[in-house]
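Sharing a structure with you now.
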Amino acid sequence: MTVALNGEETGKKVAEAIPGSVVSGDKNSLIVESKSLLQVAEYLKNTPGMEFDYLTVVTAVDYLDYFEVVYRLVSMKNNQSLMLKTRVFDRVNPTVASVTGLWRAAYYQEREIYDLLGIKFEGHPYLKRLLLWEGFEGYPLRRDYL
Amino acid sequence: MTLLDQFQLILKSQNWPDWAVYLVPALVGIIIIISVVLTVVIVYIWWERRLISRFQIRLGPNRCGPEGIFQPIATAVKILLKEDIVPEKADKLIHFIAPITVFVPILLIFAVVPFGEGAILADLNVGIVYVIAISSISVIGIFMAAWASGNKYSFISGMRSIAQMVSYEIPVVLSIVGIALVVGSFSMLKIVEAQNIPFILLQPLGFLIFFLGSLAEMNRSPFDLLEADSEIVAGYHIEYSGMKFAMFYLGEYGVALAYAGIITTLFLSGWQGPLLPPVIWFLIKVMMVFSVIVWIRSTLPRFRVDQLTAFAWKFMLPLAVINLVLIAIEVLVIPANLQWTMVLINFGFAAVLILLWSKLFTLGGGRVEV
Amino acid sequence: MKFERYGIGIAKGLALTLKHLFRAPITVQYPDEKLNVSRRTRGNELVWFPDKCTGCGTCTKACLQGNIILVTHRGEENKFIVDKFELDSGRCIFCGLCVESCPYNALAMGVDYECAKYRRGDAVLGKEKLSLSEKHKPSAYYRPQFAAELPEQSLLLYNRKEGGQKLSIFPLSKRKRGPHA
Amino acid sequence: MPIKTESFYLNVGPQHPSTHGVFRLRLSLDGEVVTDVEPIVGYLHRGIEKLAETRTYTQIIPLTDRLDYLASMTDNVAYCVAVEKLAGIKVPERAEYIRIIFSELMRISSHMMAVGFYLNDCGAFFTPVLYMWREREKIIDLFDMVCGQRLLYNYMRVGGVSQDLPDEFMPALKKFVDEMPRYIGEYNQLIKQNEIFLARSKGVGILPRETAINIGASGPVLRASGVKWDLRKMDPYSLYDRFDFDICTGEVGDCYDRYWVRMQEMTQSLRIIEQAMKQMPDKGPVCADVPQFFRPPAGEAYGYIEAPKGNLGFYIVSDGSIAPYRLHIFPPTLINITALRDMVIGWKVADLIIIFGSMDVVLGEIDR
């Protein structure tokens, strides 16, 4: 049974290692600052006891006030999972660091998010539209897109 | 004395002028052969579609005429009525000539195929060499078609065709030389007449090599890389439609018929057989060979291009050479009336060689560092 | 590649295809031979029972295509009377959600599957076309009460002998003229 | 004068017999050797995620049918599992068993299509496909019997399944399960030891274990690389912890392993179905009491199952209304083709086709 890690406890550990990175943590998820996302991701991937080597879903939700980017990390070794989230408050030019360097699983999913929600992933090797064509106006999965 | 010679003698005795004595029988023969070949090709197309569908537990075309026998004719009519499309970037002249270059040599092969006792258009004393020479020309046609289409898939197909044909000519020729050694002649009629024991028994290894080689020559599965529809869509004839495509289509089955005829002639004792007339025996044997080809097509996957050439050079060529040497020694040592011992020896050697080579040889290739 | 097994694998495959040569084909020659569809088939053209329909409009809300048009007015005793019940079978995806949602069993899926039309306008079905008729039967999808009237489904699992047409052993020469000829 | 060489660019698709849908690969070739490849997707994009934002939770189920159209049943299950997680709905036991039986039948059917078309890509002229279609037809007949359609089932509901099984279903299923091992044996006889097939697929398109984990591959592609990871065992959803079956893994992660993992999984699925038939309660409700226009509490949930093609997940955000605020579909095959470039570079065009075929890609799921 894959154990879903408690975001609160994991958040404490992460905050110890990387101060000022954790926004909040609850039972299901851990929310981190977008600017320290890459550090946290690296910490989660490489720290013994965590070892999240397997990234499954990467997605983003438009909450109108902010975008929430969601990562679900799985550790195959310890059979545990964690919902990692980060928030972007810029609506015009939202930017998050890309985790493609750590988990290549994010390669297509970040391109898809860029395509459909318009969040830019800094450091992505090939950030181009995935499903829609070049020159498509707007980002369809934003809630204000009609 | 072929039928053609007899016809000429009859005309001569009727005091026809010399040019007519030569021209009229030849023309009659050509017309008969072309019509027979095209009819058999149509039956072939129908037979392949029905047979392969039964291998695949389906029914196959059965709507046009009794048992769907007119389906190839309906297909032909459909193809002929289609618009002839030439791509803008194509080399128009070569694009036009290529189907003819493919189709004509295949018809020319039938000049030396003996359909029955004496039923041969030209009993050349180098008959089998003529076959090899002529059938190589259609490769040029295929390459012309591939190159002139200006399509990238057909370009790949053209490259593959050259590699494949060049590789497989050699073992095929070497296995034929083994027969020529036993018979002492290249003439197709003499080869048939010499087969008291069908050469498939006398030279099993030679038959295997020739059969596989001819599968490659006629682009049939598992060597159908030129047309590999799952890889390069349709290969060299991807940009052809209408009449020109029909030429390729007929050519494809025509060459299958030609090689089935040659296999019958060389290894299955040609028209010889009890009770039935020779022509019927010949056609039955040809149909059997073709059915085996269809059977193989329905079962086997396809080689990759490097495996294909490796198979020719590493497996078939050494075996063909050994087979040739072996036959030569046997022809020297064993007297002609003891051919059955030769059968036994050759079967033993074939088994040993195949087992040995299966252990020894590996198909190379694989990943290339780029 | 090595022929370590001397081509035995190839021979095995050839033996299997040869074995299949003597098996009966499973092809069904469609317009001539017809199999019985499932009793619960979600076929074309809904069946609508006007006497049961109260005009509540649940089906229109359940439809994810917004495809059912229902117009009602108040009649006596404040009951709805259906003026218009219309459905564009060209846009319908036959998901069956409207049938499931109907609280009064007033809708059922049809069993028919040969409903091609020449014009898009013909695909729009009104009250008359949707009503039950001799040719227009309801299927048992979510309506098990209709199951007994329908023929049993012909399954390939039972060689399609039960319910469907029998497969002859040598179907090469089988040519029956169907009703289309 | 030095000979000038340049790469040769080739577009495989969007219309190509072996791209299994509308999919484009931009290749650059050196001779026939692939030096670079870029997959281009999106030709079948229908905006299902956006459409779902204006549909009720029940109305989304027919949309999920259209994702992986060769395994619609498991798509339905994945979506329903996610919604049930979101709303905290308990599914009746009989419904769970029905779901498991149908998921496993779907897995067999999907793997048959995958293997059949993989062999077709290898050049076996439609024979394996047609033999496998014969058995797939039997499975589809069973589906048709229960839910009334052959491809887009729309059978699962939030909280269970839409209807109970008809009486004639169980005998038919029993007969199928009894017969099926013989046919699987026939498929193995047809191709498993075929030397040409081994030459084409052994050692071709190796996906190393580390790469497979790093790209987030799932399903048979991951297991063929030697990773023992099957959500049915590792994170048993539904009632999968009650069954005894093995996780099939490959050794090196080449095309042959992917083929062989699928063939073995078909046998394991039959084992699960046999056990489920024994354990299944004869009577009982098949659907929890869920209103048609139900409103789950505000919140979010990520539900995932082991679909035939891998780990299929649905991320649902609810704002308490009748329609989801955001629905995200996590498609396994899109993630799997991340590794395509690593696998095909240096191989030939013919290998590219079979490597792509061995990934078992369905474009309805990639493009959504």
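In order of appearance the chains are A, B, C and D, and numbering begins at 1 in each one.
The criterion applied here is as follows: a contact is a pair of C-beta atoms (placed from the backbone, for glycine too) under 8 Å apart; a residue touches a chain by one contact, two chains touch by 3 or more.
The structure displayed is predicted, hence computed values, not measured ones.
Enquirer: Let me spell it out: compute each chain's centre from its C-alpha atoms, then which one is farthest from chain A's centre?
Expert: Farthest from chain A by mean C-alpha position: B.
Enquirer: Just to be sure I understand: the centre of a chain is the mean of its C-alpha atoms, right? Then which chain's centre is nearest the mean of all of them?
Expert: Smallest offset from the overall C-alpha mean is found for D.
Enquirer: Quick check: how many Å separate the C-alpha centres of chain A and chain D?
Expert: From the centre of chain A to the centre of chain D is 26 Å.
Enquirer: In whole angstrom, how far does the Cα centroid of chain B sit from the Cα centroid of chain D?
Expert: 44
Enquirer: Compute the distance, rounded to whole Å, between the mean C-alpha positions of chain B and chain C.
Expert: Each chain's C-alpha centroid was found; their separation is 50 Å.
Enquirer: How big is the gap, in whole Å, between where the Cα atoms of chain A centre and where those of chain B centre?
Expert: 63
Enquirer: Going through chain D residue by residue, note those that touch at least 2 other chains and give them in order.
Expert: Residue numbers touching two or more other chains: 127, 131, 134, 190-191, 194, 196-197, 199.
Enquirer: Can you list every residue of chain C that touches 2 or more other chains, as numbers and ranges?
Expert: In chain C, the residues touching two or more other chains are 1-3, 5, 7, 10, 13, 16-17, 20, 26.
Enquirer: Going by the touch rule stated at the top, which chains touch which?
Expert: Between chains, contact exists in these pairs: A-D, B-C, B-D, C-D.
Enquirer: Give every residue of chain D touching chain B within the complex, in rising order.
Expert: Per the touch definition, chain D meets chain B at residues 8-10, 16-18, 30-35, 119-127, 130-131, 134, 190-191, 194, 196-197, 199-200, 203-204, 345-351, 353.
Enquirer: Name, in rising order, each residue of chain D that touches chain C in their complex.
Expert: It is residues 55-56, 58-63, 127, 131, 134, 137-138, 141-142, 144-149, 152, 154, 162-163, 166, 168, 172, 175-176, 179, 186, 189-199, 292-293 of chain D that touch chain C.
Enquirer: For a test of understanding, state which residues of chain D touch chain A in their complex under the given definition.
Expert: 41-42, 45, 47, 49-50, 211, 213-216, 218, 227, 229, 234-236, 300, 302, 304, 311, 313, 315, 317, 325-326, 328, 330, 334-335, 337-339, 367-368
Enquirer: Show me the residue ranges of chain C that touch chain B in the complex, using the header's touch definition.
Expert: So the residues of chain C touching chain B come out as 1-7, 10, 13-14, 16-18, 20-21, 23-27, 29, 171-173, 175.
Enquirer: Under the touch definition given earlier, write down the residues of chain A that touch chain D in their complex.
Expert: That would be residues 1-2, 28, 53-57, 59, 61-62, 70, 72, 76, 79, 83, 103-109, 112, 116, 129-133, 140-141 of chain A.
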